[in-house]
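These are the structures in question, set out in turn.
Note that chain A is present in both complexes that follow, paired respectively with chain B and with chain C.
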Partner chain A sequence: MTLLDFARGPALAVSFAVFTFGVAWRVLFLVLLPWSRDRSVARGSAPSAVVGAVRGFARHLWPRKAFAGAARFTTVNGYVMHFGLAIAFFGFAPHILFLQSVFGVHWPNLPSGLVSVASVVTLVSLVLALGHRFVSPVLRLISTANDYFSWFVTALPVVSGLMAVSHLWAPYETLLAVHLLSVALLLIWFPFGKLMHAFLVFVTRSETAIHYSRRGTVL
Partner chain B sequence: MAEPETIGELLSERGISRRGLLKYAAYLASLMALPPWQSNAIADALAAARRQSVIWLSFQECTGCTESLTRSFSPTLENLIFNLISLDYHETLQAVSGEAAEQARRSAMRDNKGKYIVVVDGSVPTRDGGVYGTVAGQSMLQILNDTAAGAKALIAVGTCAAFGGIPHAQPDPTGAVPLTSLIKDKPIINISGCPPIPEAMAGTIAYLITFGRLPDLDHLNRPKSLFGNTIHDRCYRRSFYDKGLFAKSFDDEGARRGWCLYELGCKGPVTYNSCATLKWNGGVSFPIQSGHGCLGCSEPNFWDKGGFYHPLSTPTGHPTAAVGAAAVAGIGVGAVSALLARRAKREATSTGEKP
Partner chain C sequence: MTTVIDRNAATRKFLAHTEGHLATYLEGCLHCGLCAEACHFYVASRDPKHTPAYKLFPIAKAHRRNKFPLALLGLAPRVSAEDLQHWEELLFDSCTMCGRCTMACPMGIDIASIVGEARQAWVAAGLGPADLFAAADSSRDHGSPLGVTPEKLRERIEWIADEHEVEIPLDRPKADVLLTLSSVETMKYPDSVASMAKLLNHAGVSWTLSTKGYEATNFGYLAGKADIAKTMVQRIVAAAEGIGAKTVIIPECGHAFGVLRWSASNMIGRPLPFEVLHITEYLAQLKRAGKLHLKPLTEPITYHDPCQISRRGGATADARYLLQDFATDFHEMTPTGNENWCCGGGGGVQAIGRAANLRYQVFKLKMDQVEKSGAKTMVSACSNCRLTMDESKAHWKWDGGLASLVELIAEHLVEKPAS
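Moving on, here comes the complex of A and B:
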């Protein structure tokens, strides 16, 4: 069995299983936890929980003016990284084929050149994010191994994908295998590290928004 | 009339001029990625060389490799290669000769001990002592071991001989193995492909005769001059891959416009061979040019790599059961964990502790 055979076969199969197990476990555990009932009396002007959650979530998409200066880089860089990642992941033809083989749905691909540009921008953004984490005293203080490893497993598929497309430094089959293995690593780590925010961001921000909107606080 | 002593004498006897030999030598130099000035040396060496004794063994194969060489679209080239060698034994071509053919093999082995080249097409069945393949009452395994013992070098022609090929594909009922699994003390050149390109076979044999040594080989024992690049790297559709223009089916607009066949399962990016440059049938075309993706037939285990029509970026397995079981397990563990947390909270509340 070659490295590529291993990556396309057992590695992806195991990573899919671990990812599914982990996400199911963490989401269900969170939903079924004994949540404390909010015993405060809702303000008369308080919207329903759903409306409050949606409003709060939307409001959190951009920082308030008072925090705009401090949060500008983090916010803008975060958007650049996430949009770049989305373009590369959902727009590249081989990725669409991958998703089609797993989920059975497909859509038109973007030109490979555009995807490459998006990937390079994403990579630059990831490097800037890491640099910011090193430079900022507060961020450095609160950063843990979880943060750095989550960054690593996110950056690795981007780097290996760019190398595979460009046929850089190694034969294509090796680069493709490394790329697929890096995706497998990301999937395995996903439910157990900070990457789980892809699911939990909706829960945490909504919960915060509901809490404040019930008390009449406009976020 | 006496038999010609050298290849040069034989060629002139058959009406092939010095100019013809030089043209062929120039072609060989180009084929084997040698510098142009080597063509004169090749012509001189070939003219002075004695015809190389070759024993051709056919094992678990479909005869496609022999068909490829003997029924090539450019017979002059392949006829020329047969002029360079003394094909003392060929199991398929001499099948009707029966015991006389076997005697010819034994004679060639005795008369050219340590000098003859063994060309093998087909894999070797090894299960149950090799009983699944016999010729003239001997197992193929035994024939190979006997014949290889006195050989100068072996050439594995075709993917079956080079890597096991289709007989080796799952479930491999005969325990088929390639030459390299059995012969450890002789140089082996693999000319893989299903079938291999005729010029690749001819060029490699000519190189051996001319220089008396093996050409530069890759990690799979294939001549680098012929297997140094992927099909994808030399494919005329490569620019469409780079632009992200792919045929979605074999008869859509993209296919008619000659767009890249990656999405239709083309294995060109991971297949090393010269199909895109040498092509087939005298340079007329090759599979991708004819509208079908590369099957990756010159690579080991190409039959068991997840399907010819599955793109390279897709998983080879369908772990639906494993993922389903993982989901159920995750839900179970999540539910039990939450229930334990609830019970802990209840107990804490009942004892007056802060949960």
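Moving on, here comes the complex of A and C:
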């Protein structure tokens, strides 16, 4: 079995299983905890929990005017990084072919030039995010190993993917294997680290929104 | 004397509160730091330790250690006595639980609610600010944080009624409305008590004060002493049930409104058998019903939104409604409403002597806001904000004015026009 066979086969299979069960376990763990019942009487004008949750979720998609200045870099850089990752992952033709072979679904790909630009922009935004974490006294104080490792496992597939398509420094098959192994590492780490925010954001925003929409306010 | 710090008791208390909503919050924090610039303590001090997310570290630590599989392996570090000592100032002196950081958090994490619960761990550990705890203990033992016993209340109310020539009913056997008081008002701002009485009498409301449940403030909640918090709530509930009140009015006090309106039923485990309204909400109802007749206030004023009434309480619009057509030279601050800067003394911080300098620094934000608004006077509807701001005003020798919304409205009452 070559390194590429291992990466394509057992490594991705095991990491995807860890990802799936890990995410399910963390979500179930939180859902099955005792959630206190709010006995206070909601305001008459309060929307339903679903409407409150959707409104609250949407409210946090962009900072309010009062915080816009201070939050501008983090917000814009964050969106650039997330959209860049999405374009690279879902728009790249080889990714789509691979996903089709596993899940049987496919969609039109984006031009590879656009995907390359998006990947480079994503990498730049990741570097800027890390630099900000090093430079800001607030971020230096509150950053933990989890934050840095989550950054590392996110950046690695972007770097290895760009290297693979550029055929840089090593044979293509080796670079592809490294790229797939970096994705496996991301999938394994995903449920246990900060990357889990991709799922938790729906819970935390909704929870706060429901709590305060009963009070007639949106936080 | 050496203080024994019970870190195990603190950890147990932390874990008792990491039920669904708090656990999700603790696991969801991205450490993005956006909450820092939303916090008046961080903005005033520029000290990174005042970052709201950092304040959650001890409870997150306890939660992490307790999680599977780390709990079985014992790999995660335990909360230490040093942690508790270091974070005491951050959880008590430099968090007013104002909720502004929640608005800035991209994950929508409600840090204020975690701080409110986490304070109980310091009580369990045997740590915490002595003066805040004394205020809570005094509430339990004497009826109020400032030692206003039922007898003292009776004397004080008689004096205020005489001084202001206003009828203030006390211990009426039956009434539709039970008015509660903040002892800050009873002892330091008696005009506020007289003003509420004048307004309720003017509108012909069936109301009373009660010596069985009169103290609106809840220092048990602020100090992290859940038993005292519940006792204070039960006194008001018993008094209201005794007179058959349909409505309990919270005076100009932010956290008192938050606790009784939004937390009390959860503390006593049943819905409250009456409606809870902040005095601004009640006055807005009277105005809508055409029962408030006011002459215009022409001085340039602005309105400071108390956090627990506006941002976390949902009563932002009613204060504006009261000011509409009444304050003819009204100026909004920037930011305002739900985004307003806190006074710096909520959440019990006002009662912590060692936090005074930090409060003064925070007040510079308010002075700057008022000066930029073009108003000469900052009006509020919270006596705790008012006390905090009065002390800070004196510290900085600020020449801006401070006033109570209820007092201003009472001063501008006119007799009902002849129909």
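In this text, the second predicted complex is superposed on the first by the 218 of 219 C-alpha atoms of A that agree within 3 Å, B and C clash if a C-alpha of one lies under 4 Å from a C-alpha of the other, contacts with A are read in each partner's own complex, and residues count from 1 in each chain.
Rule of thumb we're sticking to: a residue touches a chain if its C-beta (ideal position, glycine included) is under 8 Å from a C-beta of that chain, and two chains touch if they have at least 3 such contacts.
Model, not experiment: these values are computed from the prediction.
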| item | value |
| --- | --- |
| First, second, both or neither for A:R140, with chain B first and chain C second | second |
| Touching partner for A:A17 - first (chain B), second (chain C), both, neither | first |
| Chain B versus chain C as contact partner of A:R43, first or second or both or neither | second |
| Chain B versus chain C as contact partner of A:Y212, first or second or both or neither | second |
| Chain B versus chain C as contact partner of A:K65, first or second or both or neither | second |
| Chain B versus chain C as contact partner of A:P34, first or second or both or neither | both |
| Touched partner set for A:H95, first chain B, second chain C, both or neither | first |
| Common ground on chain A, meaning residues reached by chain C in one complex and by chain B in the other | 26, 29, 31, 33-34 |
| Footprint of chain B on chain A - complex, ascending | 2, 4-5, 8-10, 12-14, 16-18, 20-29, 31-34, 92-95, 97-98, 100-102, 109-115, 167, 171-173, 176, 180 |
| Chain A contact footprint on chain C (complex, rising order) | 18-21, 23-25, 27-28, 30-34, 36-38, 42, 48-49, 51, 53-54, 57, 67-68, 99, 102-110, 113, 261-266, 269-272, 275, 310-316, 335, 338-339 |
| Contact footprint of chain C on chain A as seen in their complex | 26, 29-31, 33-41, 43, 56-57, 60, 63-67, 70-71, 74-75, 78, 136-144, 147, 194, 196-197, 200-201, 203-209, 211-212, 215-219 |
| Sites on chain B touched by chain A in the complex | 230, 232-233, 241-244, 246, 262-263, 269-270, 300-301, 305-306, 310-317, 319, 322-323, 325-327, 329-331, 333-335, 337-339, 341-342, 345, 355 |
